[in-house]
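There are two complexes below, and they share chain A, which is joined by chain B in the first and by chain C in the second.
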Partner chain A sequence: MAFISSGYNPDKPMEDRITDIGPRKYDEFYPSVIAKNKGKWSHHEILEAGVIVHVAESGDEVYTVRVGGCRLMTTTHLEEICQIADKHCDGHVRFTTRNNVEFMVDSKDKVEPLKNDLASRIFSGGSQKFPIGGTGAGITNIVHTQGWIHCHTPATDASGTVKATMDEVFEDFQSMRLPAKLRISMACCLNMCGAVHCSDIAILGYHRKPPMLDHEYLDKICEIPLAIKACPTAAIRPAKTKLADGTEVKTVAVKNERCMFCGNCYTMCPSMPLADTEGDGIVLMAGGKVSNRISHPKFSKVVVAFIPNDMPRWPSMTDAIKKMINAYSNGANKYERLGDWAERIGWEKFFEVCELDFSHHLIDDFRQQAYMSWRQSTQFKF
Partner chain B sequence: MAKHKTPLLDQLESGPWPSFVSDLKHQAEVRAKNEEGIEFQIPQDCVEDLLGVLELSYKHGRTHWKHGGIVGVFGYGGGVIGRYCDQPALFPGVEHFHTMRVSQPAGKYYTTEYLRNIMKLWDLRGSGVTNMHGSTGDIILLGTTTPQLEEIFYELTHNLNQDLGGSGSNLRTPADCLGSSRCEYACYDSQALCHFLTNEYQDELHRPAFPYKFKFKFDACPNGCVASIARSDMSFIGTWKDDIQIDQDAVNKYVENDSAYPSNAGAHKNRDWGPFDIQKEVINLCPTGCMSFENKQLTIDNANCTRCMHCINTMPRALKPGKEKGCSILCGAKAPILDGAQMGSLLVPFVEVNPDNDYQAITEVIENIWDWWMEEGNNRERLGELIMRQGFQRLLEVTGIKAAPQHVQYPRTNPYIFWKEEEVPGGWERDVEEYRKHHLR
Partner chain C sequence: MATVEINGKEFEIDEDGFLLDYNNFSDEWVEYVRQQEGIDELTDEHTKVVTILQDYYEKNGIAPMVRVLSKLTKFKLKHIYELFPSGPGKGACKMAGLPKPTGCV
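So, the complex of A and B:
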């Protein structure tokens, strides 16, 4: 393969250099019905799961067909999206914050052909390329992070746990029968690139073993002060050790009982790996939300302290998730989010109706917010 | 023929949800065949090797990626994340497999023409694997080699009028909800504000000068579709000050269960919840109890409404946000590392969102906060942590915002007020001898 120059001259990097131009301007990409009616929308209706109509004050309508997408997406798949957009939507398409894809048409008669086209496209392995759904009181796509496909600190995979979960809850992606919307999020380590800490259900990768120390290489590869500084719990201190051959090297020591397994040290110092087959797995959290509707936004709570990684489909994880969704669906009032329902019935009942075990790990002992979560009352349910 | 056997990943091809494994396999085949005759600038079989290394992770239960090595484009401190495989002999195609973040357009609308240009560039110079989109908001191009970074940047800026996004200790690529472009709830134009601030602060975005990362996110109403309150150091949430606009006829259409007026815009269609009952579903669920419905007349005590959106969401054809619109600014949200998770705390209850004066009221708050954070923030200290360390009162001080009961859920429960000397008449310097004249030792 011959190197093809873009025009960039490595000897003169500043020549013709263009910087700080930012993203393309959003309105270059608006479909015409959007450009025309921006700021003048009257109302909307979800016609069926995945199909929404927005009606403008002018009477114009835009029909949106929302389909699930993998955020990990190749150009081959994107090309197919472009073909659909060219065929039905005048070459326009939109992505949502939750990795769904939205195809918009400006009249009702264009909806059925678009839907049929989308539904007809199947991957060779049997899965749907463009499942329609993800609206209203159902389960939409899972926002997630990189996982084993591309990050150095994950304690589980992201795309795989998401695929396994979405397959199990797929009916609720394509229908709107839950009491309210239910948001699932996934992050593969406690850094939580995806900020999963405010989701109805959160899947979180978690390590359980402190870093190993590659003494022989540590000082050669790492800036020891940076590794020490990276640790949120100040568990790392500088140290010296003797290698097997008797040479003394500078290294670090980790106070294991202070380690919260965040992997920040590994980010700074590749000689401190912490991934481990038995140590790593999944934490499930529940009951968070970000919307201000009815109740305030709230954090998710840890409801399952640990589930071992069970590739490729994580059945115990999806089982626990389904138990929560079923109990919620049966027990909650209309409009009640999972966390509001859990608070109304009490978390002690939540564990009972979801058939989840409670263990000492679920009682907060991290810094001062812990106290707020203990029960300062004699009011509780047996 | 696949280069590596992937028996575990193969099991993720079945089931209804789109399979990323099928997609990657398909991509690997397309690259192998190369019907378009592309002169691939990185290994042609990199997607095969990506599947191979992922399969190995599925077998081991451990990642095979390493961090480290500073890579980037000249003059920028972010936008590229170095990534190396820890089994390069087995998977040479992904030995160097860096990420590039491409600044997405606000609202994430695209034309196929634009997408195809990006794809063409990425097929030539990268793996063709992307994230549409990463959780910050950028288009993520996943997997290329170091020599390609400048070439890609050159083509992006010269041919596509397109810049990289942020990573590292700088302003991260801002992201927004689709707002007024297609949502009747929008209280301000989130795309316009997002785009303006992204461009206004290009220097902060590309050249790390902050203690740590900093994120802006824009929700045009309190429904919070981009979760700004949980995911951004500064969250701009649309709101209004005056009265909810009521169309009484439409309210009654809902009450009469008119089929053109489905409650909650049809979001509960697939279960029989019984006929819509305004008392039970709206009036009684209003968190402030500020609504009533009598004699076919809906009344809202707007002075006591907290603008939670419930009634508007439930009867979108009858109710609209008020006319005096703007946004609230909340500060300090972050994920749990290092000191526990934080949500944004309300700093500015209401501010106008005025493009005509370049959003001056908003940039003033931003810049005051940055000045403080850059001065006082420790290395790797998020804004939320600085606020915790120095206090919310300090945040008010540096932004010149007057304390108001809106800032708190409830007033403090301890009397440990750190009075400042100038707040106490006479100051702190006193004469103990004078005191002793009246109080014997």
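So, the complex of A and C:
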């Protein structure tokens, strides 16, 4: 398409420039019933999976229908969300912190038409556009990252693994049969953008090979001290090397036996790529939480050291996740999060009931605090 | 990698317009970046920022932190943005011929 100017003048970039205006204020977009009863809510109730009612002190009610969102959305899809909001909710809609979509109506008889409308919308491939669910003790949306769609450091894909996993656990999105809510998160490298370090089950992209060094360009496009400092195990040191044509260049040397393939150096230095088809894959973690309910917040722990990238459906990954969810739903008490359950029965039992292999990779060996994760007690189960 | 020509001199640049090799820096490059960054007129203050960035890079192998740049030039960050509308990284470092900033930017 030919160029169409927005009115911006590239010859005078600072002219008529509006800046530092921040986001629009949230209350501009409140539905009237929310604006009216803000700060005066009395109680709420989950009527069924995906449908919540909040009752205000004045007696006003607001019904919320939560639907799954794929997070990575086209404007066409957003337009359809707006159309639904126009039709049923006076043009109001909101997104949750786990990227679900919530439609709110102010009376009970508006709920059924809204639900029927949402359920009737299906992509041509057969997937539901707006599956209702994600409330209570079930599995809600997966917080995830960019993956192969957009990022340059991933070890696996985000949207693909998430779609494969949500398809497997879809029943739990639309029901509330678990002992407590179960949060699944996904990050495509161990930068851990998002919530993998504090989720009940976490999918994490992982490398298994040290970086390749592009000596010819390294000093030109990298700030070498930054690459050295990026390494958590001090595997990188400055070095000089002779290129094929005889010129001596500054570069770095990597001690491969000290490298644990975190990829931090690649983040700082484009001449140290480490993505690899066979080497890269997925680590599963489990047992984290952020809420303070009953027990303190926890970090998730590594429970599966490696699963190969098996595009496009990652069957061995979804299988391991399924095993964990089944063992958890069978074994945990009511209100027990996955981490609480694993700590109560002991991690040795967790691996037994989840039928997961325990390998030496799972034993912490990073610096001094690794010692604290070993068992300094005779209390264990055979 | 693309090449640009300015006043008869060729430069190898990446897709963001950063100079590929610091050693190829020259006055023509400053002129090229000035046009690219929408800076009307080069002042002594621009040159001071560029010189300090280059001194620091040659001595330390890295670009200075923003606070260090502020301290060395005695310009507040606000003033650096007035000189280089794209900021110290995309504007000043590019003009000084330093490598492209990396990390989660």
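Couple of notes before you dig in:
In the analysis below, the second predicted complex is superposed on the first by the 381 of 382 C-alpha atoms of A that agree within 3 Å, B and C clash if a C-alpha of one lies under 4 Å from a C-alpha of the other, contacts with A are read in each partner's own complex, and residues count from 1 in each chain.
Note that in this section contacts are C-beta pairs under 8 Å (C-beta built on N, C-alpha and C of every residue); 3 or more make two chains touch, one makes a residue touch a chain.
Computed from a prediction, not measured in an experiment: that's the story for all the values here.
In the superposition on chain A, A:P131 makes contact with chain B only, while chain C stays out of contact range.
Of the two partner chains placed by superposition, only chain B is touched by A:R313; chain C is not. In the superposition on chain A, the chain among chain B and chain C reaching more residues of chain A is B. Judged by the touch definition given at the top, the superposed model places A:N191 against both chain B and chain C. Once the two complexes are overlaid on the shared chain, A:I224 sits against chain C while remaining clear of chain B. By the touch criterion stated above, A:D280 is placed in contact with chain B alone, chain C being left untouched.
When both complexes are overlaid on chain A, the residue A:P270 reaches chain B and chain C alike. By the touch criterion defined above, A:P10 reaches both chain B and chain C.
When both complexes are aligned on chain A by C-alpha atoms, chain A residues 10, 13-14, 191, 221, 267, 270 touch chain B in the first and chain C in the second. Within the complex formed with chain A, the residues of chain C that make contact are 14, 20-22, 38, 57, 60-63, 85, 99-100, 102-104. Those residues of chain A lying in contact with chain C across their complex are 10-14, 191, 217, 220-226, 267-270.
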